[in-house]
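Below are two complexes that have subunit A in common, paired first with subunit B and then with subunit C.
On to the complex of A and B.
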């Protein structure tokens, strides 16, 4: 029991980080980034490659991978997303466009690394320690720690810095932002970069826990979406709580259900949330 | 019989009927198996692409998991034929209805909400349905699939069944766009709230279109099983299949009446000539086509044709 409790809490950190990348883009640009799952997968493979090639520890690889993905995201925004109409009219188009990006990313990973399942094993992957009667893996604890640091950092960025305030202002009302001299386009591209970087960083963490293949990321996209819907847009505490709920439901469903049904758990939870509380747990709050 | 006021112009009807008669005569003149099969498959793709477009185009709710209904309909039909010896057409029909109901089960709650919830949900639905059905070997035969005995003469006749299905789907597409019902759908797509204000029951109409689309997909699944006499979950429920419908719709012209039919033909040609030779690249090629169409001609081939003829976009054929 305590085992499950620990693993749920530790998993929730990763979920929160994954979801935040999706949520911040949706909150500011009103676009669901279907390339999100693809970037999680790219992060996983980038960490895998760096570890195989240079023996670089995945936890050290997070920084360069996140920075590179940030610029990749900025590039994607400037090259592709920027050209689409925003809001309801561009909804279908942006979904399809970013879905196309995902397909291309998947195919690229397939060509570079084949379609086989890969695992990223480090010398400490299997080390664990006791708490009362439970075993806790050091690696899971480290994933949780990194996720917390990143989320706290994001919260500070959004609430304490000029950039963060600009991002929140644009999320609330882009047209008045242009009036007061906030460079809206730059905020959009930075936000897209932030979301993309977060996705890739979450992918690095995911790669230390799970095996992955080019299709990795599709159920992560769905989980991120569940957390975003449940937690409300861009609220860090809301996201954290929603991630906890998802992780608990998942971990405990493995206990009571045959394993083939657990694939549907995230989806069932999504439908339940949408039906019962479409505005999220705390109503619709935008970033903060 | 008098035609409703929204019926197509007489010359369109004559051209349509003429094309049907010509296509129906093709197998009698040329019985080459390769072309026979390719045409039959094209009819099937046209039907599926049009059915996808009822949701994706007419309602603006893009589905990335429509293979789920093809799979459900296909395996229900196959199981009925193999285990209970139900006649083929009845089995297709039952499979179609069950597929339509299945679409309602997951689609109804997500369609009621504004925004992209439905589309996101379809990504999960496709994957979860595949996993669960692969596990349910009593229905699907598990990952080794199942065989459906089909008489060779009947298999040859499937050409005409396919032609009929595609024709029906095309007529349905026209009705769904041009009839008063079509106007309601257009209103829902543009603004759900405003549609509600003028008395359009968006929930019921969305459910109706979802059911029709799911049912048609299910019938296609049943057809597919009879045509290949062998089906397995990994293929019928596959991600690749779901994307192919998205691509057909988008290439042809999402939201137009006949665009997706055109898109299905182009897709089949592309697949035969290009993708079959570069099977390692198919996902990326799908992605690239999707990207280029969305960026440069969001209305696909229909948009391109309108631009060439210098007609305003509002007059979508």
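On to the complex of A and C.
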């Protein structure tokens, strides 16, 4: 039981990391970023490439990769997303546009790295330590630690800084923000960059745990959807809590159902929440 | 409501993407050197043979291995002047497409090869679930389909006339593992009754694997007890919960049936969770260089694998010829069972065409059905018995990874160069 407990908590860290970026972009821009899966894959390959070329540890690579992806996100916003119609009218267009971005990223990865599965192997990849009867992976613990740091950092950014307050204000009412002099477009581009950077960071963490190929990011995006919807669109702490719930449900469901069905449990949860509590388990909030 | 609609649309798009939406690609360098450049079906002196392989997607690495085997067979045939068909030498040309490891693409490309590219025969793709889907196209179009990638018995139980398979049934794979375990019990190295965890991928391949273990357990009453019997999703990401269940069950033996990527992911989590069993196997996976690179050879030591072929069988005759030829082409690289089976798959079709003395599909099908030739496969013979649905039957070889990185054959006794080690000395 204690093994499953650790397994669930540590898995929640990865799920939360994967979902932050998707949640924050939806919370502010009201866009479902289908390019999120692609950026997770890009993060994984970037970490792999830096490790292979320069021997850079993936945990040290998180910061440069996240920063580079932030600027890539800002560029994507200015070049593509900005041109979409705002509001419900832009919903379908944004899905198609960002889906196309994802396909381009994926096929670029095929060209650069082939379709072979890649594995990022470090000296500590398989190291673990003993707690009671459980073995805890250092790697998974580090992923969990990064997820907590990012959660706290995001919370502080959104609640304690001018930029964070501007992001929340824009999420609440962009028209009024324009009236009081908040640069809405800049906030949008920074938020898109932030979400993209977080997705790439999640990809780096995922690469330390799993094999990946250019198709990597698909199932991660689906999990991120589930987490974001469960947590309530736009709620960062809700996202973290939802990640914990999803991980617990998935891990403990093996006690009562075949292993191959556990992945579907999350989607059953998604449907239930959409039908019964469309605002998410913790209600729809304006970030923070 | 708008939010929900948008989310549902997004989920639909993502689901499409999960099915690997990338466009099918022509296999890189698909036409082997020495083959004719024609791309429109058969020309007068060329036989056009179509195939798809998973060159991208989850099975891409193995797809690459299969391509190496196909290429070698085609090059060899063309270097000899082509196939001798009714006294006339005809070159062979391979039209190879990338099925992206997905069933839908494998089916549509097979259809395209037959209807648009006008290929005369089909060679199979890799992995049971793709072969199963693709074999329907061959049956509908009455075109001989020879595959070396589908080992699941279910594929051959449908009474298909045009389907021929070189991979021996997966039940034999797991029963070979069980026979080695039985030999270790007899030798006193393992308990008289071993507790076993069987983990199988949720595919026809996995079900056959499990059936092989079950059959052995039923036949050898009291030898073993299956304590954990769990299936898992192909190309899974997180096996933590499943492995925790195995850990809690305190079994002696863990037998998993996994594809290469799942083997690597699962074994990494296995090591991290501090698991160690007296005997550990991932079915046909275990000795791959990629696994050693990804995990470190110390973390795959003593893993047992049961395979359709092993280069150590190549000490003489045509098996040695294949090993030497492959090494010469690939700078000394030793072939694995993937390349051997795909090479032999192409060769089986070539031999049937020569035996038929024509490129008539019906004649070649009949030649395949009655084929009984020398082979590089274990047992040294290849035929497609009607009783097994035209699936070849031959013994598996069991190999075990050693700490020095080698993987000697440990079973059957007559082929073994090493008795194998049990229980795993690394377990404390």
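Keep this in mind: the second predicted complex is superposed on the first by the 275 of 288 C-alpha atoms of A that agree within 3 Å, B and C clash if a C-alpha of one lies under 4 Å from a C-alpha of the other, contacts with A are read in each partner's own complex, and residues count from 1 in each chain.
Simple rule for what comes next: a contact is a pair of C-beta atoms (placed from the backbone, for glycine too) under 8 Å apart; a residue touches a chain by one contact, two chains touch by 3 or more.
Only a predicted model underlies this, so the values are computations on that prediction, with no experimental measurement involved.
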item	value
Joint occupancy of subunit A by subunit B and subunit C, clash or fit	clash
Touched partner set for A:130, first subunit B, second subunit C, both or neither	second
Subunit B versus subunit C as contact partner of A:144, first or second or both or neither	neither
Partner chain in contact with A:274 - subunit B first, subunit C second, else both or neither	both
Partner chain(s) touched by A:260 [first = subunit B, second = subunit C, both, neither]	both
Touched partner set for A:103, first subunit B, second subunit C, both or neither	both
First, second, both or neither for A:117, with subunit B first and subunit C second	second
First, second, both or neither for A:45, with subunit B first and subunit C second	neither
Partner chain(s) touched by A:93 [first = subunit B, second = subunit C, both, neither]	first
Which of subunit B and subunit C A:188 touches, first, second, both or neither	neither
If touched residues of subunit A are counted for subunit B and for subunit C, the larger one	C
Subunit B clash site on subunit C (candidates 132-140, 186-194 or 294-302)	132-140
Where subunit A meets both subunit C and subunit B, residue numbers	32, 34, 88, 91-92, 95, 99, 102-103, 106-107, 110, 215, 218-219, 221-222, 225, 229, 258, 260, 263, 274, 278
Subunit A partner contacts - residues on subunit C that touch it in the complex	2-7, 9-11, 13-15, 17-18, 20-23, 55-58, 60-61, 64, 100, 199, 202, 230-233, 236-238, 240-242, 244-245, 247-248, 260-261, 264-265, 268, 271-274, 290, 293-296, 299
Footprint of subunit A on subunit B - complex, ascending	56, 60, 62, 64, 106, 109-110, 113, 115-117, 119-121, 123-125, 127-128, 131-132, 134-135, 191, 239, 243, 246, 250, 254, 280-288, 290-291, 294-295, 298
Subunit A to subunit C touching residues, read off their complex	3-4, 7, 11, 32, 34, 37, 88, 91-92, 95, 99, 102-103, 106-107, 110, 114-117, 119, 121, 125-128, 130, 135, 137, 139-140, 209-211, 213-215, 218-219, 221-222, 225, 229, 233, 250-254, 258-260, 262-263, 274, 278
Residues of subunit A that touch subunit B when the two form their complex	32, 34, 80, 83-84, 88, 91-93, 95-97, 99-104, 106-108, 110-111, 215, 218-219, 221-222, 225, 229, 258, 260-261, 263-264, 266-267, 270-271, 274-275, 278
